[in-house]
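Here is the structure we will look at, set down as structure tokens.
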Amino acid sequence: MSAHEGSREGYDFAHPLPLPLLFGVFVVLTLLTVLTVFQANFDLGSYDIIVVMIIATIKAVLVGSIFMHLAFDKPMNVIWFLGSFVFVGLFIMFTLFDNRASQGDDIPVTNDAVMAAPAEG
Amino acid sequence: MLNMIPAAITLLADQTESKLSLFPKSASTFSSDSDWIFHFITIVALIFFIAIVIALFGFALKYKKAKGQQAESQTDHNTTIELVWSIGPSFLLIVMFYFGAQGFLNHRTIPEGAYDLGVDAYKWGWGINYGKFVIHPELHVVAGEPTKLTMTSKDVIHSLYIPAFRVKKDIVPGRFNYMWFKATEPSEKIATDEELEQLAAKDAETNASWDYDARQFTPDGYSFYDLYCAEYCGTNHSQMQTVVVVHETREDLEAWIKKYSSRPSTESPASYGEKLYQRRGCKSCHSIDGTKLVGPSWKDLAGKSRPLASGESVTADENYLRESILNPKAKIAAGFQPVMPSYKGQLTDDDIYSLIEYIKSLGEAGASGGETTAAEGEGQPAEAAAE
Amino acid sequence: MSVGSVPAGYEVKDPGYPTPEENYLTNSRGLLTWVFTLDHKRIGVMYLVGVSLAFLIAGLLALGIRLHLFAPDGWLFNNEFFKWLAPDKAPNDIYNQVFTLHGAIMVFLFIIPSIPAALGNFLVPVMLGAKDVAFPRLNLSSFFLWVAGAVFFVMALLASGLDTGWTFYTPYSTTTDTSVILATSGAFILGFSSIFTGLNFIVTINTMRPPGMTWFRMPLFLWATYSTSIIQVLATPVLGITLLLLIAERTMHIGIFDPEYNGDPVTYQHFFWFYSHPAVYIMILPAFGVISELISVHSHKRIFGYRFIAYSSIAIALLGFLVWGHHMFTAGMGSMTTIIFSALTFTVSVPSAIKVFNWLATMYKGAITMTTPMCYAIAFIFLFTIGGLTGLHLGTLATDMHLHDTYFVVAHFHYVMVGGTLVAFLGAVFHWWPKMFGRMYNELGGQISAVIVFLGFNLTFLPQFVLGSRGMPRRYATYDPEFAGLHAMSTWGALLLGIGLLVALVVLLVSLVKGKKAPANPWGAATLEWACTSPPPFYNFERPPVVGDPYEFGDIQWDAASERYVKIEPKRETVPSEKPAESPAHAGE
Amino acid sequence: MATTDAGHSATADHSADSHGHDHDHPSYLAHHFDTPEQQFDSGKLGMWIFLVTEVLFFSGMFCAYAIYRSWRPDVFEGCSQFLNTKLGAINTGVLLFSSFTMAWAVRASQLEQHKKTAALIASTLCCAMIFLGVKAIEYSHKWTMGLLPAGLFTYDPSNPHPVGGPNYLAYICAPFAVATVGIFIWLVVSFLRGAKFQFECAKPILVVFLCFFVGVGLGTILESGGSESHGTEHAAHVEGGEHDSHAEGEHAGEGEHAAESHEQEAATEETAEAAPTEAIAGLVAPGTMVSSDNELDVIKRLAADTTNTGLQGELAARQAQNDMANGAITYHVYDDVSATVAAAEENVMRKSRAGVFFSIYYCMTGVHAIHILAGIGVLIWLLVRALRQDFNKNYFGPVDYVGLYWHLVDLIWIYLFPLMYLIR
């Protein structure tokens, strides 16, 4: 194999990441985990989910860009991976929008919240 | 300009009576809306279609060449013309969308004070709830008055579809589903009462159920509109049909309801009691074959000694049964929750008498016979209507 | 200039290498060399056989449906024979199972893999000028997953059938006692087969393009395949999880879809259609690609509006994800959601229209040869136009309230799926048949089949539009007598359609035995697959092919003497023709 | 996926390969690729697209989660209390660390540090096993309590720890124990036979499998410690984080019985104290909601809070009952679901409510655990290849692809953890 080393095209494309960078990311991730567990002790009301998701997303971005070296990757790979989240977003948003909307609409969802609007006999 | 379209198209939609029409009779306020939009889209589509087909076959004939000849032109694009045919038709789409959405919002906006009916869809039949515990498979409404249907399903998804009204709505179990319409064309009474009696007698002889399709009028002699289940629901999905009768006035309708809320003098109390059992929802909590549902089974109930939740026991005689119907919480059978609503004021004395007679008949040897009839009535709503 | 002569100043370009004696069909023998082959062409041929069998079964089921609906109270399944065959089943039950299996097999086993997997596998690498797909083993495994999925469907059929409709709507599917779990497992596995195929093509097209094959030099079929693959990898996983949750619902009652445990059936519909609407584009987009090729090649004219067609494929793939709600307009979605979905539905019709206009413009001033594939392509444009335009009635909310779940919908999607995809599939098979098997079929026979299919199809499904608008609900085993005439007409049409398909099959099979040997380029096409011999050699190209414009017909000339199309090039004195400058020297010469 | 890029390209016919190309093709380069870079790029894009399908696969469950949480926030909040935050947090840390070692392994393989690559892959595997071990504790604990998907839900707050049920933990551990013993035998046999490479493989794999039991042990310790603190201090959530950590130290050795008492306590607790407790009690205590007027008032008061859709449902059901009694149209909605009064009182336990949370919990974490298992399988294959020194700077694709997969599994957990465990 070593016979083929050298500067030929199509060889030597490895891009090792520096170890301190990897370790640094790991430390930050751990700290963020501690943070997210810690903040759960405070009742932030409806902001809670937002805070939690922001922390999770920061962690995800770190894992994605450094551990998965997306930050140094070919644009096509990045487009595909990030594109998938666009479609996940569409999927969840539309479905959730419908399910929330239909509650206020003419179809109360009766799974639990029974709105047995009785008619007059 | 947009507002002129409906008027222009409605002219076309006027021929709906003819045999060659694309649509069933137009019988609700939605029908005309839906039909002119349909015709509008069809006309637009036809214009495009005819142009495309002329081009398609025209080119195929005109530029047909023997093998080996070169094409006259190798033009590979013309951005202007491509943009024109990409963007141009979009305006027509916007018009279609606009009127479609407008029509749809009418479907969804239920007017205040609409006449309220309950619809219970089950495999495979319909129970239309007219209040006062009158439940009948046929849907009877009043012309010119908005009617609101509150629909539920016991088992799987059904869909209530009245082609003549151009309305359709799925009935999803676990949800209340609403629909409304305003019927415009009242049904006609096309059979006299004597004819109906003869037919009913004939059916009783042959043990046949009322054949709506062949007779084209209901057991009450009205012409009708079809009502289908449009969402696949199993074996007898295609038989899950009933009819819509449009009465001219509210009084007509109430008279019809009243007719079905008391026992005809010719009928035995026990058999009428069975109908009440079917129609008034007793069967959703009380079985007649001994199965334990929400409430105690009626099989072998009458005359037996019953343990109560309080630890005492009572003989299920007529008095106990009557009390349990009118004041269900007075004596609770052991092992059951006090959940039954009172039927005080909802059943006439005769109704109660009929029900008790029916319960008694279930205690005797004839119980199995009662079961069979009940099963039939469940499977074939048409039959129940015929009775 | 007379037909069939080489113009002055040009000479026939020598292909540059001798015809290999072996091709992919003959280079190794024995069943096992097929079963374990990694050659994309053989896998494509195996897929072709597989999907054809699936189509045969599902087609017979369709005939069963039509024959049962011959009379208002049902006809075929009322026969004593079926009482003997399935004594415990009512005719209605048999009908329900038959239409369910017809739908499920057609969708999952035939239409979705037909053009992408069968023809795509054969064509994508060759058209691209690559030796193989990027992951040959994954490719083979996706074929075997297809087989496994098919086996599951057969098991479901043999166990206790399936009567849920191909959509598996809850709570019907969670309560029925038929083999829902077997069938959904089958569909789950087929989903993976589809994902792997799509993944393979995306990577192949991205990384395996030879030098010179830029994105905009790719034949439009590859653009269509790429768009299809996008949908396959993005949408199919959602089907996977939906079916998995459905299986869990049936076995453990997880209460997500089943109202009995406080689940919501409408949520199931959202999940299901998030896949299944884009899946409709998995079915039709490859057909668009095929038609783009067919129209251009048989008109011998450069495709009109290449970029518009290419972009519209991608646009359809992406927009296709935004319109799934139009299957649920009457299901009880919120008003706002419904209206948004309706608006988005209209947007997706624009790119489809662009394609039709561009195909017509390609035919304009072309040199059209009315070959069998061209007949099918013209039939496609006719039928697909009807299918597309009637979609407008369904996308419009007010009319959809009336038309939803009626025969109008049935007719609409059959015009798109059968009139569109199946006709394009047949056209494609006739077009690439000489390349795949090296034999020419009887041209007249092929044309007759196209005409019969066209007539039979219209006779079957045009009446169904009227049935639908008159209010005939779909999936009815029996119907009111007023619909009888149109139903009978439709049944006769189905029989005619069946005959047409049979003729096509016979013509193709006969050609294998009696057909003339096919030249490398029987149609005078310019894409790369016609540059290698028919059938192609094992490695597709003996040397990296010279990538040219896929729609440049000017240098392809009919040579009357040898009765074949030849590639010509300007005479050059100095450069010897057997050593084109672009190709590296070849040791084998 | 990664297997497609393995060095040996088993083509049906190698003869075609033999003319002209051979000098160009190292053994690790498949025949249909021109350069290692093309092969690597293809594999990598393929892997990314596979990850895309994974993301969309999980999106279905996240969507279900979003829908049901938005419908029944109270149920989700209440049920979330049954999940042990500490176990979740530890597992998060374990996974993050494994991601780190995996990323490091990729670096090592690119630098051709063969020994280090193998060691790092092995430590990734150890973390995966610890994760599963902790998960086993979590699952078996909940199964014993009957906290199961809707259809199987049997949790009874008056008897949260029914005795005599199957020992689920043993069932989960059994296959791992069998595998561990098998590997140990393999180790011994290969040592005795002098099969050096096999011995080299068996050593780390045995360690990996033993790590599962480390995870089980860790889980057991944390479970008891966590519940103890939760039980005694359940209202004082503010101090939870700190307190938990030293409660763990203090009570590490204590048995599970301390934990058991807490559930009863919570169930019988008066509902006025702390919001989460209220939710649980309101949700699951059977006796509390039956028809006495006092209870009705409590429910009315609680239902005034719009987030309490469950209680509103309760109230609506009662309303329906009254209306029925007064002769309104009755709607025969599926009896077990809602509108009929029967459902309102018979099913206070509401498997259909709490059950859905646990359904989603099991679906999400279960499918995630299956991905971990699959990852373990692939990582073991990778470990063997790393020990065989298959990878070099032109052929490290498999390590990279498996790494990507592993990071994605981690990524999903990063979202799962707060969504499931940290609902307040």
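Going by the order they are written in, the chains are A, B, C and D; count residues from 1 in each one.
Heads up, the rule we're going with is that a contact is a pair of C-beta atoms (placed from the backbone, for glycine too) under 8 Å apart; a residue touches a chain by one contact, two chains touch by 3 or more.
Worth saying up front: this structure is predicted, and the values here are computed from it rather than measured.
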* To do: Any chance you could check whether C-D or A-D wins on number of contacting C-beta pairs?
  => A-D
* To do: Could you name the chain whose Cα mean is nearest to the mean of all protein Cα atoms here?
  => C
* Asked: Which whole number of Å gives the spacing of the CA centres of subunit C and subunit D?
  -> 40
* Inter-chain centre distance, subunit A versus subunit D - centres from mean C-alpha coordinates, in Å -> 17
* Mean-CA-position distance for subunit B and subunit A (Å) -> 46
* So, what's the distance in Å between the C-alpha centres of subunit C and subunit A? -> 35
* Structure fact -> subunit C touches at least 2 other chains through residues 206, 234, 238, 259-260, 262-264, 266-267, 270-271, 332, 335
* Can you tell me which residues of subunit D touch two or more of the remaining chains? => 38, 41, 45, 49, 52, 55-56, 59-60, 63, 67, 324, 327-331, 333-334, 337-339, 353
* Using the touch rule from the top of the page, what residues of subunit A touch 2 or more other chains? -> 76, 83-84, 87, 91, 95, 99-100, 105-107, 109-112, 115-116, 119-121
* Structure fact -> The subunit D residues in contact with subunit A across the complex are 26-28, 34-38, 40-41, 44-45, 48-49, 51-52, 55-56, 59-60, 62-63, 66-67, 70-72, 85, 89, 92-93, 96-97, 99-100, 102-104, 106-107, 110-111, 237-241, 275, 309-310, 312-313, 316-317, 319-320, 323-324, 327-331, 333, 337-339, 353, 392-396, 403-404, 407-408, 410-411, 414-415, 417-419, 422-424
* **Contacting residues of subunit C [partner subunit A, same complex]** => 206, 234, 238, 259, 262-264, 266-267, 270-271, 274, 321-322, 324-325, 332-337, 341
* To do: Within their complex, state which residues of subunit C touch subunit B.
  => 3-4, 90, 92-93, 96, 163, 165, 169, 171-172, 175-176, 259-260, 262-266, 299-308, 329-332, 335, 338-339, 342-343, 346-347, 349-350, 353-354, 356-358, 360-361, 363-370, 374, 378, 381-382, 385-386, 389-390, 392-393, 395-402, 404-406, 466, 469-471, 473-481, 551, 553-554, 557-558, 560
* Contacting residues of subunit D [partner subunit C, same complex] -> 1, 3-5, 10-13, 16, 19-20, 31-32, 38, 41-42, 45-46, 49-50, 52-61, 63-64, 67-68, 148-152, 334, 336-338, 351-353, 355-356, 359-360, 362-363, 367
* **Contact footprint of subunit C on subunit A as seen in their complex** => 76, 83-84, 87, 90-91, 94-95, 97-102, 104-107, 109, 111-112
